[in-house]
Structures are given as structure tokens and as C-alpha cells.
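Heads up: the structure comes next, in C-alpha cells.
Naming follows writing order (A, B and C), and every chain is counted from residue 1.
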Amino acid sequence: MKTIEVRTRAREQLVDISAQVRRLVSESGVKEGVIHLWALHTTCGLTVNENADPDVARDIVEKMRHLVPQAEAFYRHGEGNSDSHLKTSLFGPGLTLLIEDGDLVLGTWQGVFLAEWDGPRTRKIAAVVMAA
Amino acid sequence: MKTIEVRTRAREQLVDISAQVRRLVSESGVKEGVIHLWALHTTCGLTVNENADPDVARDIVEKMRHLVPQAEAFYRHGEGNSDSHLKTSLFGPGLTLLIEDGDLVLGTWQGVFLAEWDGPRTRKIAAVVMAA
Amino acid sequence: MKTIEVRTRAREQLVDISAQVRRLVSESGVKEGVIHLWALHTTCGLTVNENADPDVARDIVEKMRHLVPQAEAFYRHGEGNSDSHLKTSLFGPGLTLLIEDGDLVLGTWQGVFLAEWDGPRTRKIAAVVMAA
């Protein structure tokens, strides 16, 4: 198992971690298989989406802020981040990516993102690479 | 393949199944790898979130109830649980967890939950463990 | 790695791809293990839900349209499909399904769907099968 660290800069933010994940794949020496990623936290998730136009990530975060705002009259959890916990379950804390020819299998527009929902923080992601 | 059974007690509820999943991992004898979990249903999912303060799970369920209420004028499915089906796709019916030193790799606050969206019922989860 | 193609017919639609995925499993010859599926796009995802009553898929799509409508005053991405990108992250672009006795492990009502959020288009899904 390997881990990578990601520094986030805002309460809610998608941070492109494609380069770090690619490095894990190439260091593993695995040519064909999968990499399983896991965020070791309950207020950030992992996702894959467009990394060409930064407005895509920005719009995703903005709409999530409207759908699941930080404050709700009915929240009971004392830390004021119930919204961050829900957003994490909606995006999911894990991701399984395919590997071929020693590199990630991604579509033309796909990048790997950490979805920060309660930053800024330093986040840890664990990874296991499996050969096919 | 192994299966575990989970008894839920409410229509919508997060049930902590960490201990049952840990037992599957230890019984498998696998020291390094992953466990793939799969809920064999279309109205409950699997997720990982905080299991320290029970208000976190409670707030998640409560907000999901507001976002995706049971009744909508435009629903056509006759069983009155279209909301449960959508909540299941939003949380996802599967989960891949990492294994190291013969145990689950989880962050300090992470617990594994069955997300019941149409209970109370007895649910079945299938599992396959793969060695790295 | 194998790929399958899926033709979608509407902007937003759940398309049942269970038969195509089953074929990938049987062609692989793997009797026990998992199949990892990956949609190579940023505006469609993969999910599992009921494929008995078509109104379930219809209600899921309809509710997603209400939750995440195409137009929002605050969207900046110029292509007018920020909603499709978010829906993709909410459903997820990947899926790991269990295999036993050379076939998918699915509950009675479960079918595998491509969740189209910006069609109609021809979509490509990559797959890797791993033996347990």
C-alpha cells in the first residue's frame, strides 16, 4: 500500500490529482490491471471529471453548495459540517481506475480529482495496485 | 464469494456494518489486497462515513429525505419507492475497501455503513476478497 | 482490456447494458472474480438499479432533472452541460461487479445501466476482468 498527500486551499474545491496517481501507477511497474484509491477521511471524496475547462469543476462545486448548503435548521451534529459528510457519501471516498500499458485508462477529457468538502486541509489517499 | 445479512429497523437508516466486514476480511486470511462488497438490492446502498458521532449518520439521512422526498407528483412507479431507487444510485450499491496487515484500511473516523432507503428489511451483501 | 459501445437516444436516459456486460464476463472465461467497468466520458456514468419496471429508470432520470436542472444562473462553463458533469460525478463513472460461476452476481431486480446525462451519443466503456 502507498499513500499520497494532497493539500487543499478552500472549504469546497476539486483538486486535480491525476499526475500523482499516474506516478503511483508507473512506480508500481504494473502494466495491466487496476489501481484502487481510498481517501482516509469522512469529509472529502474522489471523483473523475473534466480537467480541460476549470469552470466545469467550479460549476460542480457551486451547484453542490446550493444542493447541500452548509447550514440546515435540522442538523444536529455539532461541528457544523454535516453537509461535508453527505457530499462525501454522494461522491464516494473510493475510486477504481483501469491500467493499460503501464498508464491510467482515461477518456480524452477525464482527470482524477480529490473533492474537498471541508477544507482547507492536508488529505491522505491510500492506493493498492493489482495486476490483471 | 461470501454473504452477510443485515437487519435494518427503519425506512431510511445508516447501519454500521464495520465489524461484519472486518470479520470477512480476517476469515479470508488475506493480508494485503482489497475486499469488494455488493448489496444485492435496488433500494439500499453502501457507504463509508463517520461512525463516532451518531448525529452524522442521522443528519445524512435527514438531508437525503429533504433532497429526495418519498412523494413527487411526477413519479410513475407504482410501488411508491422511486426515491429509494434514486438514493441507491446516488450512494452506490458497491464498495471496494483496501486491506493491509489482514485488516481494513480506514481513516480514524471511517466506518462502513449499509444505507437503507426502503426498510425495515433483511438485506444481503456479497463479498469477494482479492489478494494483491 | 476490452471495450463496449453503447448508443444512447436522449439527453438523459438510463440504458440497460446488462447483456453486453454479461457477454464480457463469459468471453473472459473467468469463473470467480470481478469485472471493473469504466465509462470513458465526463457526461455519462454507470449504475445498477431495477430493470423490471421501466418506470423506475424513468423516475430516476426525471428526479435528477429536477434536482440538477440544465440551466442555473451561476453556471460559467460555456457548453451548457455543467449539470451533466455533476450528474456524472454523483452516479460515478466506474462500477465493480462480482463474478461467480462465470456470471455476474446481481440481485433479483438488479440490472446494469449506462446513465446518459448529455446524449444522444455513442459511448465507450472499458472493462478489465480479474480472477479471484
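We take it that a contact is a pair of C-beta atoms (placed from the backbone, for glycine too) under 8 Å apart; a residue touches a chain by one contact, two chains touch by 3 or more.
As the structure is a prediction and not an experimental result, all values here were calculated from the model.
Taking all residue numbers at the chain A/chain B interface, are over half used by both copies (same) or under half (different)?
The interface of chain A with chain B is built from mostly unshared positions.
Note the rotational component of the Cα superposition from chain A to chain C, reported as an angle of 0 to 180 degrees in steps of 5.
So the copies are related by a turn of 120 degrees.
What's the distance between the Cα centroids of chain A and chain B, rounded to whole Å?
From the centre of chain A to the centre of chain B is 19 Å.
Spell out, as numbers or ranges, the residues of chain B touching 2 or more other chains.
67, 90, 92, 96, 130
Within their complex, state which residues of chain C touch chain B.
32-34, 47-50, 53, 55-56, 58-60, 62-64, 66-67, 90-92, 95-98, 100, 105-110, 115, 130, 132
Could you list, by residue number, the parts of chain B that touch chain C in their complex?
Within the complex, chain B contacts chain C at residues 1, 36, 38-42, 67-68, 72, 74-79, 82-83, 85-86, 88-90, 92-94, 96, 124, 126, 128-130.
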